[in-house]
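Below: a set of structures, written as structure tokens.
Shared between the two complexes below is chain A, which pairs with chain B and chain C, respectively.
Entry: the complex of A and B
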């Protein structure tokens, strides 16, 4: 099956007073119809910038976007703005992290959903409003006929996120990008929203890109996972591979830093030392090397050469960007990482 | 909502009461003797005593103030029970020392000219200020933006008496395209009215559109960075809809507030504009009254402006409820 979404060598940089900031650097990934890709990384790792690029939302800004973003074979990046606009909200749409800020405070929820439907469908306002009610019902808002005329601030946090989802799905998009859709919500509501997304995905065969820093959410929903650090992908593979046998020291750090109910309560969590780098002064070589505990096993290469993204062994779909020899990596994983998982 | 309105009106009335007491108090504490001011050139001690009695200046200050307030609500009678009995029906603000005309009649007489200036100029400055502000915000950093904001800064720094006189010199004296500014009834002579008002409108709008342009630009730029504008783009809306519906709607509230207060302030008298163009409005009335120490007229004009500002404040608050659904629900 051919890939519905292909991103090839995507780079996004922003000119600033301190020089060009490479927010996303040579990113490549693909996504099949009806599948979910989880993009995981810390703040500033380039997750959101990537998703905005897929929607073509950097057009008209100062950002420089290079590479290809193929959706059904059409390159979004080389397409003029007025053509991409017709695809936004229609072929691909997006839900945002903070639904309260992402919904217009002065228009009713129904008005905003109907507007998204109206812009891509030649229908009357009445039909569009009925569509809004139908979508609110579909995402589980009780009494949608009544709530359709409510303003965003009259909704609870979870309901607002549901309304965002209703808005994003009103035109049956083939691709849905969810940018940290559950971060601002209570844990119980988070689970409901994730369930809802999964149900809707099954129903409409939507491809989903789930942007998050929550590994639990990814483990539950995604098929593939892409780990990003300082604008680069550092590990890419199926969820099974990446979460069960992570190959990058950053991935090890992420997984061992999760507190576990079965763990020893007196044992300290293994946090990753240091802080994520500023994109203005990305460390030389492997951007992760100042925080990596295994630099001594490689030597100077870590700080001088950027490692390539390579399959962990020939033919594998599990890619990693690390200077460690694969045998050494296996060894470290088995002896130091696996026991604390 | 209704009880909120009642509360606002009541507090407005209280503020008006306080304003009247302060103005009344200040003017009667002044070393100038109202009776002497009212007396004119051929004045004798005898006459002054008589006038003092007629104007009830021989009463204590609280009594005078009480009668003044009573006059506003139910009217008052000077020299009751004598041949010279004078009935001043409500709302009575007394009589001008200068012309002996009732202050309320003077105010009523002068209001149309001031209202003409205020409404005409406000339409003009809203049109120019909002559109140039929007264009500046959308073309931020380009020469269009720099030029329009440069002009706005220049215009905001110039004074009405400078711009007004320059315009009058060019368009009235040199080119003779416009008649000398003044006021004629818009109902009887609409064309003359517009021609005579043109310069005051342009002069006032010149200054105020600069302020509104900068206000609109700043508001639009702030809202353009909001998440909900990004959502609007992600929906695939056209730039026109995004800018004029989503962004402008988010930025309009502070502009409406300032507009309401500016208009309310102007209705109380566009003092400098009226003075520069010699237009018989409330502003001219109050400056003339001040230079002649015509106390009843001063009190009347001050209270009248306070009245408009209070009304404008209440209307702005009500408008908030229309503009912001969060206020409406509460």
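Entry: the complex of A and C
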């Protein structure tokens, strides 16, 4: 199947008083129709900046965006702002982490959903409101006819997130970007929202980019995972590959450091030493090398040359950016990482 | 085992809105009659979703809030209604770590001043002088003792949380209440701080009340876990029993809602999906507060609030507990 979204060599940098912040550095990935890509990384790894670039939301800011963002073959990055605007909501839309901040407090929820619909459809206000009620019903808001006239503050956290999803999907977009859609929610509500997104994706055949730091949420929703560190993709593959046979030392660290509901709870978690780097002075070579425990196995290359993103063996779709030789990596994974997963 | 903390029928009602001039004021029933004990050197986890009253409980125990009713006995002394000055000597043994490492450190004070503040306030001079002890503390929590003169903004989130931990440790307390100590941190940093707290708890034999919404985090820290829902404790059990054999339907639902990292394990697990949200604590459901979202609810659940009773080694507040 052909790729619906293709990002090629995307770089985003912000000039600041302290220097150039390279938030995203030469990122490439693709997404098929109806599939979900999970972009995973810690704060400052560039995952949100990437999503804003896809929506063309850096236009008009000081950010320097280079590279290509092809949706259905059209390059978003070279398009003028007013043309991108027509695509937003229609072809692609976004749901944000903090629904209370993303919804306008002075307008009713129904009004805001109807507005998004009116921008792209030549219909009367009455029809748009009908559409808002229909969408609220679809995302599981009880008594949608009544609640359509409520203000955001009258909704609970989970309901606001549902309302935002309703708004984002009101024009049947082909691409939905969900930026930490469940981080602000309680676990029982999070589970409801994850189920809802999955159902809606099946129904509308939407492609979803899910941005999160929660590996559990990705495992339950995504098809592919892109693991980011300091603005670069460091591992890319299917959920099964990346979560069950991670190849990058950072991926190993992440998977062994998260507390789980299974396994021996008395063992100490294997934490990654140190802290994520500053994006103004990204470490030379592999950005992860100051925190990596396997640098000694490679030698000076880690701190001098940026490793390329390569298949773990020829023909594989599982890509990794690491200097470790694949046989050595395989060995470390089997003897040191797998037992503590 | 002797207990360091005993809580009996602890209740906190906050005044809410008044809807008319002569009308009655709403009452937010944040914590409603909870009882539990913490043994010396024990780590107990307090879990629940937002609005369940877990943080309020932590603040009541450390007496940052005045309880509406009920009793808090710390180290054999009834501290439920002590004044601030009466609390001062007790605070040497009873410390708190806050959730937000950005809001809980004074930006105008150096790290040295922040970590030394318990000595200053308590009027205690440690052996070898304040500076030496503060540097020791910084080393214990994994910070460079040379950074004594730096300000909080020069540190990352994880390092700031370590500063807060050093401050809580300064007077060698017997009980530390940790209110969501890792939820503001990145995943890779979370593990560092959990490991640190775990080591400190063992090394100094400190009792911990670990408040968190994340069941997996609590599992790696606490020996016993209490689950709260809408101001009530619904289940208390030792860790292994609670995670392998939850008795309260809410505990069961909460556990099944935690997303699974292993793609192969996702299909194999029983999924329970609760509908709706947590009800408003101003007007909680009658009887069992969980009944509006419970799939087992019967008529009795609406009329009689269930008591926290012993079933096997667990304590459960439910009319129809799981077997």
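By definition in this document, the second predicted complex is superposed on the first by the 341 of 341 C-alpha atoms of A that agree within 3 Å, B and C clash if a C-alpha of one lies under 4 Å from a C-alpha of the other, contacts with A are read in each partner's own complex, and residues count from 1 in each chain.
In this section, contacts are C-beta pairs under 8 Å (C-beta built on N, C-alpha and C of every residue); 3 or more make two chains touch, one makes a residue touch a chain.
From a predicted model like this one, the values you see are computed outputs, not experimental measurements.
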Residue contacts with chain A in the superposition, chain B compared against chain C: C
Partner chain(s) touched by A:105 [first = chain B, second = chain C, both, neither]: first
Touching partner for A:167 - first (chain B), second (chain C), both, neither: first
First (chain B), second (chain C), both or neither touched by A:123: neither
Partner chain(s) touched by A:187 [first = chain B, second = chain C, both, neither]: second
First (chain B), second (chain C), both or neither touched by A:220: second
Contacts of A:244 with chain B and chain C, given as first, second, both or neither: second
Touched partner set for A:159, first chain B, second chain C, both or neither: second
Partner chain(s) touched by A:79 [first = chain B, second = chain C, both, neither]: neither
Chain B versus chain C as contact partner of A:257, first or second or both or neither: second
Residues on chain A lying within both footprints (that of chain B and that of chain C): none
Chain A contact footprint on chain C (complex, rising order): 49-50, 156, 158-159, 186-192, 194-195, 198-199, 213-217, 219-220, 239, 243, 253-266, 271, 273-275, 277-278
Chain B residues within the chain A interface of the complex: 226-228, 230-238, 241, 246, 249-250, 323-326, 329
Residue numbers on chain A that touch chain C, as the complex places them: 42-43, 156-159, 186-192, 194-195, 213-217, 219-220, 239-240, 243-244, 253-255, 257-262, 265, 268-273, 275-276, 341
Residues of chain A defined as touching chain B within the complex: 55, 57, 85-90, 93-94, 96, 98, 101-107, 115-116, 119-120, 151, 153-154, 164, 167
